[in-house]
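Letters A, B, C, D and E mark the chains in the order given here, with residues in each chain numbered from 1 onward.
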Amino acid sequence: MLKHILSDDFPRSRILTVLLIVIVLGLVFAPFIFPGTRSLNTAARICIFIVLIASYDLLLGYTGIVSFAHTMFFGIGAYGVALTLNAMGPSWAAIPLGALAGVVCAGLLALVIGLFSLRVKAIFFAMVTLAVASAFAVLVSQLSDFTGGEDGLSYKIPREFTPAFKLFDDKIFGVRISGKIVMYYSIVIVSILLFLTMLRMVNSPFGRVLQAIRENAFRAEAIGYRTVRYQTATNVLAAIFAALAGAMMALWLRYTGPDTTLSMEIMVDILLMVVIGGMGTMYGAIVGATIFILAQNYLQNALAVAGEVTEGIPILSELLHPDRWLLWLGLLFILSVYFFPTGVVGRLREHAVRRKETAT
Amino acid sequence: MSDQAQLKAAETVMPERAIIEAPSFQDQLIKLTPWLLVPIIAFVGFLAISSGPTWATLTIAGLAMGLMIFIMASGLTLVFGLMDVINFGHGAFVSLGAFIGVTILLMLAGWTSSPSFFINMLALFLAISVAMGGTAIFGWAFERYIVMPVYGAHLKQILVTMGGLIIVQQLIHVFWGPDEIFIARPESLKGSIELFGASIERYRLVAVGIGVALFALMRWVLNGTKIGLLVRAGVENGEMVEALGYNIRRLFVLVFMAGSALAGLGGVMWGLYQEVITAHMGNEIMILVFIVVIIGGLGSIEGCFIGALLVGLLANYGAYLAPKFALVSNIGLMVAILMWRPQGLFPVVKAK
Amino acid sequence: MLEPAVLSTRDLTVRFGGHVAVNAVTADFHRGTLTAIVGPNGAGKTTYFNVISGQISAYSGSAILNGEDISSLSIAERTHRGLGRAFQLTNLFPNLSVLENVRLVVQSHMHSGFDLFSRADGHQELIDKAEHYLARVNLLDAFEQPVSSLPHGDQRKLEVALLLALGSDVLMFDEPTAGMSVDEVPVVLDLIQEIKADKSRTILLVEHKMDVIHALADRIIVLHNGTLVAEGDPQEVMQQDVVQQAYLGNDPDADVREAS
Amino acid sequence: DEIKIAHVYGKTGPFEAYAKQSHVGLMMGLEYATGGTMELDGKKIVVIEKDTQLKPDIGKAMLEEAYGDDEVDIAVGPVSSGVALAMLPVAEEFEKVLIVEPAVADSITGKAFNKYIFRTSRNSSQDAISNAVALGKEGVSIVTLAQDYAFGRDGVAAFKEALKGTGAKLAYEEYAPRDTKDFTAHAQRMFDALAKEEGRKIIFVIWAGGGNPLGKLKAMNPESKGVELATGGNILAAMKAYKALPGMEGATYYYYDIPKNPVNDWLVKEHFKRYNSPPDFFTAGGMASAMAVIEAIKQAGSTETDALISAMEGMEFDSPKGKMKFRKEDHQAMQSMYHFKIKVQDDVEWGIPELVRELKMDEMSIPVRN
Amino acid sequence: MSEALLTLQDVHTDIEQYHILHGVSMEVPRGGVTMLLGRNGAGKTTTLRTIMGLWKARQGAVTLEGQDISKFNTPDISQLGIAYVPENTGLFTDLSVEENMILAARSGKMNEDRLDWIFSLFPAMKTFWSLPAGNLSGGQKQMLAISRAIIEPRKLLIVDEPTKGLAPAIIQALTAAFEELKKSDTTILLVEQNFAMAKRLGDTVAVMDDGKIVHTGLMADLASDNALQERLMGLSMEAHQ
């Protein structure tokens, strides 16, 4: 049963299994274990980013395609929901309609980009997507009547998803089940489903072809796989999952704007999360997203402490100033590529393999 | 089976040599077309704009803008073409160069405000030298600690150089503070000269001079000396270059330093053009630089040069004729060129 | 000819810029035969293979497989039409396991690459088939190893296994024994013999080693500077002066020439 | 017992410089308003800082956190309009007051307004209208240059409307992409448009962020075509570019040397003392928001939201710019703007905006748009 | 036989975590041709790479003319006068044939006479002189790799499987070239699968198996002893033919 759900792709490392269980349980029970808006926000972001990172890993880790347009698809999904909610008001119908519209647009655009530019060299594709994504961002800011431009869109969501709504009259384990928590659980459930779907896809015959293409595209073609078709298909699939993640983000934030969905910074964050977690392993998405988002949310606090300690030392205190947290993030970037070239998941698996070897 | 075999040899004339024909006129024309694009676009622009002085103003401004972009892009394409390293941190070096150069210029305020062209240029020259030196040294460290472990792995390069980008930007904040810094151009480079009704900014003329000189120099180094060969060879198979007795590490460092120094030069030029510098300025221009590099064909100096001129001209004509068009002109140009030549104007020959 | 040719090329020409690498080559390949393609280095043998299997496109002329002109088909489509090919330099999926390499080929043969929602490991029939081919090349023991850790000889054998798994009608080998030590060569030769014995296949073989050609070839084609200069029975063709000169060199010292 | 104020603003990111000023201003404002005690009615005032990183989603989360977890009584911020717009619904959800400072988009107290929102900073209309009043005279032809997105187009629309009564003519509107680097073509179009006009010719620039179009326009010798340049005020660092434009006219929100009142005198003196530099644009704004907070709590007598709101609607309070007043309809603080003319002085790094005329709050009719 | 130019003494080499060479000891006498034989995976290539400093020996000494070079960097080893042709030819596929050759001439200029000699060995070289090396056929690549190693005179020439993929005529030419080089006082260390060529060229021979040298001696002795061949290499060369 578990084997079927996880598509026979187990963590294959005891430490990793424990880590994953802790993360998943932590997310599932977040409203009860870590009450408070900030932690709930963090938990929801983690869930959504797990889907986003996993979808990017389909491209990067499994197919070896470097794309900088992933935030664009994320954004299309978000804008789909945002625009319908904006136009139709906080109705239930607007959500699936918007998500669907986003998915279709994202898929079509990914198809066009894929057909046009997946034939060229990988680094080329990276740059082309970079340019396309930046053009898209310009477009969104231009069509301000429609998209709210730079300012983005704020909109209302169905009442059952807002803090004002109470699901039960009584508290459960000391926590009032507000609409916000209802929405949180909706996101958790959808994220789990999407994640498991992707896990299945990478372990399907299709997923194996992707790995073959990443390893040796030339030979994959020669044994009868039309590599461009598979790459384009992955590009489309990844875009669709990203759009769904975007739709969830739009719901959760009740705001959609270029900065939350389209910016280059998010793209960089995505890359980093994939790398920290480990490319080519779906579980890497869980680990990477969790570590990174926690760091992003709490690094400044940590630096504040370090900054106080070094108060007075000229350059060092300046470097450890909480406002310099990006500096340390950059460093984290580089160090994680060096020391975790295969990501946390890869590292733990290697460790497990080595232990097994020494044991036998 | 063998009785069915027939000998065919008798009727076949033995080809003495491999058949090799001279490249046809058509082939040669195809080779030349990228070079022709610049005059073609300028001519089309002339027809569309119809006012001579306006056209001249726009054309010269566009060429100068293109050359400034070329200066910034040249380092990127050099490092990519020779070392196959895609440096997403290039923009940070542009910013760094600008900050160093501007600091020097501010220190030499007496020189820059002097009306003497000669003293102004001396100040500029000093600022550029120090900026190039500074970015070169920084490039050394960048290569040593950031890029070296990831030669040959594009994805990792993208990641670590982006990390490097963030770090350099933040370090600029640490050392220069978060404010944007304003800088006035040296006195004799302010304003324009009027020529047959066209007004031409003085500063842009300097940019044209530096850009063209740089292009000539780079072509000579890359095509006329062994350095270019060695580096290209070293990227593909560093072990073999070492087995031939060359110290490849030293060479790589030098090339990377050169690329960084070019970014520094570009930074000073760009900073003086913008007259305001920020830690993000380099990265903001990077999209345009990437487009130029793609149009030209990754790693080709000639392509980068032509691509930059095309971008500069088209942006100006476009913005004049239909301002909305300026938003998409670069991307449009890139798409058009890639449809025509999927590897860019001058694909750098990569066998395999 | 009793039976029409399985594969034939008609005036097939390949140019690289001004250089004509394959010059109007017309040849037929029949079911159940092994045709050796010989010629000096740079004669265009690999290029001839490449244009038949679609790695490069023809300048003019056509390649015909089972009566159908395949010149404009993609590589993958040609593979599915029954054209299989091994490469001069080993060319596998280095970080995947030996079994996975073959399984992928079987899966391609079964056209199940676009199956997104079933588990790949659930398709036991594919795995069984893959193991069958591995057994044929004596590599079953190594099925779990990543290909990159295999010795050179085993990698060449795996190439052959992939080709078998493709289930192609036409098999093209490009110097399958190059770089193999003397004790490994016979293993590969025996494999090719075996394939040949099953009379339904058509085999094309590029090879420089004379003893191999003598042992295997039914027919021989000689390319020189891209042009087909001779074809026919191996013994007879090899005796011709043109071939002697172009290929073997006219050094009377046969010692080296005859060596494997 | 404490009074908790959250300062939610973009401490890190491209607007770091603005953020610093804003925070310094806020803290000095609290200090001034409490007579240096940082206490009000025996309650200690605690300021909690939150970094939006200039990202709307994070800004939103930070505000939720401030209201929800830290239980602040009132929040101030942020720097960027986009972030502000995302934050507005949070105030409504938590039913707590948010004082917007220094984000300027009209829609904050316009379309996206809710009753928990107050704004001490000027809005785009105030900017545009004050400039129109400063520049608009009979026989003047004006061409606008603005960024081609909502901020720029709104600004021009407001400017155009305000120009109507003044007798000046808006000859042409030019929009350039936000990240325009080369202004040659746009300048040519504007010169072409002005060539047809008579009288005084002005190019009025509405430009936020980098790009420095003024310097580039200036480099094209506009004076040779009889064209003047004009734009609004800015932070000191940016006004270094004005040094090349002596005599340029426009209207500004704040320059430390202009307002004459005790609050500003104290601010300028203390700021020089502590930071060895004059207070800047956003320092003044930060201080104004702090003074509004204290005044509101004083008048309301508590930190209850409803009490605060009813106290603040129509409330007048002191600021470095003199009296400000929260208009009842849209909670926008009405305030003076300053018509200036640039003077260049060798020992001052920037072009000095010399006061031509103070535009009092009732001289400008700022539209209510919510 | 004169004294040894190159000696390996109890060399152990690791590749990553694998222990590949288990104490290799052999000598390459000055002025002769030494053949290094052995089946696939025996460690021949690893031995050559260890000599070149491309893998570092964990233990043991590599001595060239009395100097221990086992800790030297590759460029320094090369500059002592060694030319090396690796197993995969080590060409720079992006560069043209000419450029490949120029790089091999450390002085920066190719000697005309030497070049003519190379053209006489491999007449085909002329025809593909300006092509990118990546576009060459398998055999042409091999020719270029060898030409590159002999464009300037060197003390020691190390070649890994030179005949792989070469047509018989070229093998002949190559054999002749090695013979000529030998006359001009170049010492040669060859790894080869082509036993006939080994027999004709080799003065001394070393046979490897499993990372160790299992036999050293004169080539002539090995060539005439079928039983020994069978034992060392799994097959008798003559019997196979």
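Just so it is clear, contacts are C-beta pairs under 8 Å (C-beta built on N, C-alpha and C of every residue); 3 or more make two chains touch, one makes a residue touch a chain.
Each chain and its UniProt protein: A = Amino acid/amide ABC transporter membrane protein 2, HAAT family; B = Amino acid/amide ABC transporter membrane protein 1, HAAT family; C = Amino acid/amide ABC transporter ATP-binding protein 1, HAAT family; E = Amino acid/amide ABC transporter ATP-binding protein 2, HAAT family.
Given the structure is predicted, the values throughout are model-derived calculations rather than measurements.
Shared contact partners of chain B and chain D, listed by label, are A.
Counting only chains that touch, the fewest steps needed to get from chain A to chain E is 2.
Between C-E and A-C, more contacting C-beta pairs join the chains of C-E.
Among the remaining chains, the Cα-based centre furthest from that of chain C is the centre of D. Relative to chain A, the chain whose mean Cα position lies farthest away is E. Chain B and chain E have CA centres that are 43 Å apart. If you average the Cα atoms of chain C and of chain D, the two centres end up 75 Å apart.
For the pair chain A and chain D, the distance between C-alpha centroids works out to 36 Å.
Residue positions of chain E touching 2 or more other chains: 127, 135.
Within chain C, contacts with two or more other chains are made by residues 42, 246.
Residues of chain D in contact with at least two other chains: 16, 148, 177. Residues of chain E touching chain C in their complex: 38-41, 87, 124, 127-128, 135-140, 142-143, 161, 164-173, 175, 193-197, 200, 233-235, 237, 240-241.
Residues of chain A that touch chain B in their complex: 60, 66, 116-117, 119-124, 126-128, 130-132, 134-135, 138, 142, 268, 271-272, 275, 315, 318-319, 324, 326-327, 329-334, 337-338, 341. Listing the residues of chain E that touch chain B in their complex gives 52, 54, 73-75, 78-79, 84, 86, 90-95, 99-100, 102-104, 106, 108, 127, 132-135.
If you check the complex, the residues on chain D that touch chain A are 11-12, 16, 51, 54-57, 60-61, 64-65, 67-69, 81-83, 85-86, 88-89, 93, 105, 107, 112, 148-151, 153, 177-178. The touching residues of chain C, counted against chain E in their complex, run 16, 38-47, 88-89, 151-153, 175, 178-186, 208, 210-211, 246-249, 251, 253, 255-260.
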